[in-house]
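Here's the structure we're looking at; comments come further down.
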Amino acid sequence: MTVMEQRGAYRPTPPPAWQPRTDPAPLLPDPEPYRVLGTEAAARTDPELLLTLHAQLVRGRRYNAQATALTKQGRLAVYPSSTGQEACQVAAALALQERDWLFPSYRDTLAVVARGVDPVQALTLLRGDWHTGYDPYEHRVAPLSTPLATQLPHAVGLAHAARLKGDDVVALAMVGDGGTSEGDFHEALNFAAVWQAPVVFLVQNNGFAISVPLAKQTAAPSLAHKAVGYGMPGRLVDGNDAVAVHQVLADAVRHARAGGGPTLVEAVTYRIDAHTNADDATRYRGDTEVEAWRAHDPIMLLERELTGRGLLDEDGIRAVREDAEALAADLRARMNQDPVLDPMDLFAHVYAEPTPQLLEQRAQLSAELEAEREGAQ
Amino acid sequence: MTTVALKPATMAQALTRALRDAMAADPAVHVLGEDVGKLGGVFRVTDGLAKEFGEDRCTDTPLAEAGILGAAVGMAMYGLRPVVEMQFDAFAYPAFEQLVSHVSRMRNRTRGAIPLPITVRVPYGGGIGGVEHHSDSSEAYYMATPGLHVVTPATVADAYGLLRAAIASDDPVVFLEPKRLYWSKESWNPEEPPAVEPIGRAVVRRSGRSATLITYGPSVTVCLEAAEAARAEGWDLEVVDLRSLVPFDDETVCASVRRTGRAVVVHESGSFGGPGGEIAARVTERCFHHLEAPVLRVAGFDVPYPPPMLERHHLPGVDRILDAVGRLQWEAES
Amino acid sequence: MTVMEQRGAYRPTPPPAWQPRTDPAPLLPDPEPYRVLGTEAAARTDPELLLTLHAQLVRGRRYNAQATALTKQGRLAVYPSSTGQEACQVAAALALQERDWLFPSYRDTLAVVARGVDPVQALTLLRGDWHTGYDPYEHRVAPLSTPLATQLPHAVGLAHAARLKGDDVVALAMVGDGGTSEGDFHEALNFAAVWQAPVVFLVQNNGFAISVPLAKQTAAPSLAHKAVGYGMPGRLVDGNDAVAVHQVLADAVRHARAGGGPTLVEAVTYRIDAHTNADDATRYRGDTEVEAWRAHDPIMLLERELTGRGLLDEDGIRAVREDAEALAADLRARMNQDPVLDPMDLFAHVYAEPTPQLLEQRAQLSAELEAEREGAQ
Amino acid sequence: MTTVALKPATMAQALTRALRDAMAADPAVHVLGEDVGKLGGVFRVTDGLAKEFGEDRCTDTPLAEAGILGAAVGMAMYGLRPVVEMQFDAFAYPAFEQLVSHVSRMRNRTRGAIPLPITVRVPYGGGIGGVEHHSDSSEAYYMATPGLHVVTPATVADAYGLLRAAIASDDPVVFLEPKRLYWSKESWNPEEPPAVEPIGRAVVRRSGRSATLITYGPSVTVCLEAAEAARAEGWDLEVVDLRSLVPFDDETVCASVRRTGRAVVVHESGSFGGPGGEIAARVTERCFHHLEAPVLRVAGFDVPYPPPMLERHHLPGVDRILDAVGRLQWEAES
């Protein structure tokens, strides 16, 4: 049986044989975002996981702050901070097995780092020395994708290919609320559902696409409600509840791994910082809203749980902070070194072998640099 | 005669002013795009328009470029004059099918019944330290698409004059805004903005006798610098700013080349399949016996636009232009 | 209040303030396609409407047959027949007021003709003498759109513009089941919902996109289920029941006209003929399926109702057929005349004024034709 | 020596055979697109592949070109070699962003870590009586996109040889199939299909001394006809079939033009911003002092592709080519 034949079919037939293919009810999200922290279910969560999540959240926040500082020092071209969204970032990375793939969007540097990519290499794009700083195959992390939603069909294709080869690989693809409006979002989700590809789509709904609020982006009851239109389950989760996000994603990954097909997860969160260091958020939103969300801070929510259950004390928090400081110090130190660049790299990877035309251009640049060097002497 | 208080204005401000004046003059003019409302666009070109004209006239759309341009087609069919902002060059690609299959062809398809007076503003080009997908020069794609006008200003005054003309045009115009000139400044009289420029006329920015630099958009200032530097080498270069790639002003360009007998085309866009090939070919077709040397091209390399730290090696600069001028077979002279 | 401000907002706020924007329940389609014919509701329908629909269906079927015959005689380049789908075609045209707009897809010539466009002009594209044969403003019918789903955002933009101008205009846009997979479908529906534009989207689900069956196109419970993901109502209707399609579309048009925003209607139907005259349907489907659908023929369903209620007898049917024959005869006669073409038209409408470059090319062609004429003398 | 039974094969059949042989040789080769399965594609080029290799190797996709190409990117990232079919030239436009922003750049973006061995098959060009959107020549767009190879066969043997090479290439190849040559025939030995052709080599299809016709794809046969007809006028024309637009075979082309001293570029694509400009410009740069006349271009007009009943006026035909040859300043000779 081919992958293609596995699907049941929505195959309209004339009455009385008519039957819709799937029962839509289980595909619809609950109207309330799923939460764990602050509920009774929290008590049943694995302490180890809580501590790991916590340490990563704190590291993540520190990383965001450090990277933003580096933009001010001219060490990064630009930085889109995910402060406030660390729970989504970290949970996305931790929900995957090593053999799985992560497809991040441009704001998801933290998820990339949480998956194991070197923190400096993760910033190469934003530093401006090359377009991607890490080998995607090393940690199975696709390049940070700048054109919004375009990475989603890649995730589908990769997961589909893995399945065809009989490999046990799930792809998790990240996109913003704004990105869901793009045609590529639609096409990717449709392909994933038709192919029953092992993909999990994580929408970080942080309320804004740069300055455009969600209300101008969609009129849907929730973004998770889009899932039923593709025939996949949609899940709505509190994106600031790291435990809840992790659980929902891990479930979706398991479901995909077991051959159950894709899931669309909407994590409701908030972008605390401006869009990037270059953005002026006061033009389009007020402080009250930001403050309301600060009161629902992902780190705070988790610390409350951990300290309440006696799993973490002042010392523990201090240790985690020190670890995060060490990360920041290392980042600072290494980012303050000028990268060594070879202009000839312009021609090195356009094709497997440069075309005759590129060879000519390479020779030209080479001669120019030679002349420059001679002139400088 | 009253004394006029000239004030400095940036190209971005000139564009804003053009939009504002166009909207004030004609209620059919509507601006739409991503972040054009409260934010005023990521380059602030639409700053203040939503406030002044309301969000129905200057509208933040969902994040979907094909949808934006497609909706603009429908709006134009109903008599509006949409001005669409694409946030960056590479983010206009999702709208490519709408542009090529509909915007450029609707008038022709309907024997003139449905003209589409749509202006598509596209910030383009590099030199601003932008990360991948933020520095493309995509004019070759638009030039190869019959039915579109392709216009690009190089001065603050032209930014105003050409954008007004683009909006007033009954045909679709791809209006390419050189990103790194957004902050370039000129002094003007705010009481009396520059004239509306007819689309399709090149202009000689600097007269010279030795050779012609044919250029447009962000490369115009570079060519003017090169022309200054060339004086030291004994070359007196003429600089032609095309301003409009479609229609193309063969007359002005060829008149210059016939005078000088030598030409170099300069642009940021890649060389292979880029605008320079067309320009060199048509100049050669028309001025063959006036040419002392082949028309040369100085362009970006045929590589994906490089990361910020390497872009200076990619962009055509003064030295590379002078090198090309030096290769115009001056031996023939002596 | 601007159009933009009218919308309620799905604006996630941190708990406990969280609230999804809309109740999704009313947006979901019924699991059974809506039917009138053969149900008790049929008795309550307006006899006048039934007779008009019937006459149009019969004309439509005859038109399809005649057009297909013309392809065999080389009088049309190609013809995508809508035989079996006449109920959708006719209902789409009749559901609109004169001031409304129709945005047809390439298969929808019948709808265009039913709206009043000259039957010969409607075939200009397929005849090959120009890309559009009618003035879109005369009957408010957009050109037949060949690139699939690309006409949908046009309908949204036009309806939105009309609303901004304060005009009472609804746009009805047609697309196939295959076309729903395109990104433009997604973007158009999203824009329509966010703008609350007065648009009705009619998906004719005829089971195939050329050779590709619905099961390879979507895994959704139904295509109408996509609506909830945009925050608009989705309606499922038996596309061979002309009365039901007309009713659902007329309701949606009324809803849009009243400021209620867009609706997505899925009409379940079947393409009886091959994709076009050039297609070989035996490669991808069997006769049994076609026969099952023939037993659910839209004309037959309506005739059964009309004759059952005594609204139509043999004479009445004969009169309708004769009218259809007259249509076909007129079509035949006029399509058998060679159109008179002017090659100079190539340059006439590329721009308002030809560019200097086009003037040169026009002169070249003109000289060539002159030489040709001289050579011929 | 055994006698070989030659059999006629059409270009479409040669392409099918190339796909089949590539799939048989390498299990990583997957075909995907609209209607490529049971139907075998609207031009029947994938006929029988789904049956022979299963629907997982030759897959009917949903109707969404960006999705198809985007999925192919992911499949290639996982080690497959996708061969994507775009149903018609104009229906490749929805995939333009995926092509330009990802397919062409992924290798460069990742410093070679992610090569994308994807073949994008695009039936292109006119002359088959196709209605709007079914006859575009879109090669200018692809040529202007660094990172892509752009290949187009003009003979049955090349259709096989070049498609095999495209699929074997570790770089993305836009493989343009001239629609009106699908039914052209050659005789070949089915036991031993033609050789795999290296990408990037032009070939002289007809030797001549008077002038060079530089062409490719659907225009090659027209140029050969023109060359025959030119004999009556006393011209002995050389015809160069480029076969590959990227990389470009400067060597073969320039060698020919240096020999003949005159050249005309012929293609269906529009002239302005089309391939001919690039070709004329680069030939002139390299062969200036060998040229007796400017390199001329014979191309489609700069209009949206016309309806079937008018296309013969648009397409470059023998007469128009001979006219151009006549304008190559033969007076200089006498």
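In this document, chain identifiers A, B, C and D correspond to the written order of the chains, with residue numbering beginning at 1 in each.
Just so it is clear, contacts are C-beta pairs under 8 Å (C-beta built on N, C-alpha and C of every residue); 3 or more make two chains touch, one makes a residue touch a chain.
Remember, predicted model here, so these are calculated numbers, not experimental data.
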Higher-contact pair (C-beta pairs counted), A-D versus A-B: A-D
Most distant chain from chain D, judged by the mean position of its C-alpha atoms: A
Chain B and chain D, separation of their C-alpha mean positions in angstrom: 31
Distance between chain centroids, defined by C-alpha means - chain A, chain D (Å): 40
Whole-Å gap separating chain A and chain B, where each centre is the average of the chain's CA atoms: 36
Multi-partner residues of chain B (each touching 2 or more other chains): 60-62, 64, 66-67, 90, 93-94, 97, 101, 105, 108-109, 132-133, 146-147, 246, 248, 272, 302-304
For chain C, residues contacting two or more additional chains: 4, 130-131, 147, 181-184, 186-187, 190, 194, 216-218, 345, 350, 355, 357
Chain A-touching residues of chain B, taken from the complex the two chains share: 34-35, 37-40, 42, 60-64, 66-67, 90-91, 93-94, 129-134, 271-272, 301-304, 306-310, 313-314, 319-320, 323
Complex contacts: residues of chain B adjacent to chain D: 90, 93-94, 96-97, 100-101, 104-105, 108-109, 132-133, 140-141, 143-147, 246, 248, 269-270, 272-282, 284-285, 288, 291, 293-297, 302-304
Complex interface listing, chain A residues touching chain B: 77-78, 125-131, 146-148, 178-179, 181-184, 209-212, 216-218, 283-284, 339, 341, 343, 345-347, 350, 355, 357-358, 361, 365, 368-369
Residue ranges of chain C touching chain B (in the complex, touch as defined): 2-5, 130-132, 135-137, 142-143, 147, 150, 152-162, 164-165, 171, 183-184, 186-188, 190-191, 194, 345, 348-352, 355-357
Sites on chain D touched by chain A in the complex: 30, 54-56, 59-62, 64, 66-67, 69-80, 82, 94, 97-98, 101-102, 105-115, 146-147, 149, 169-171, 200, 246-251
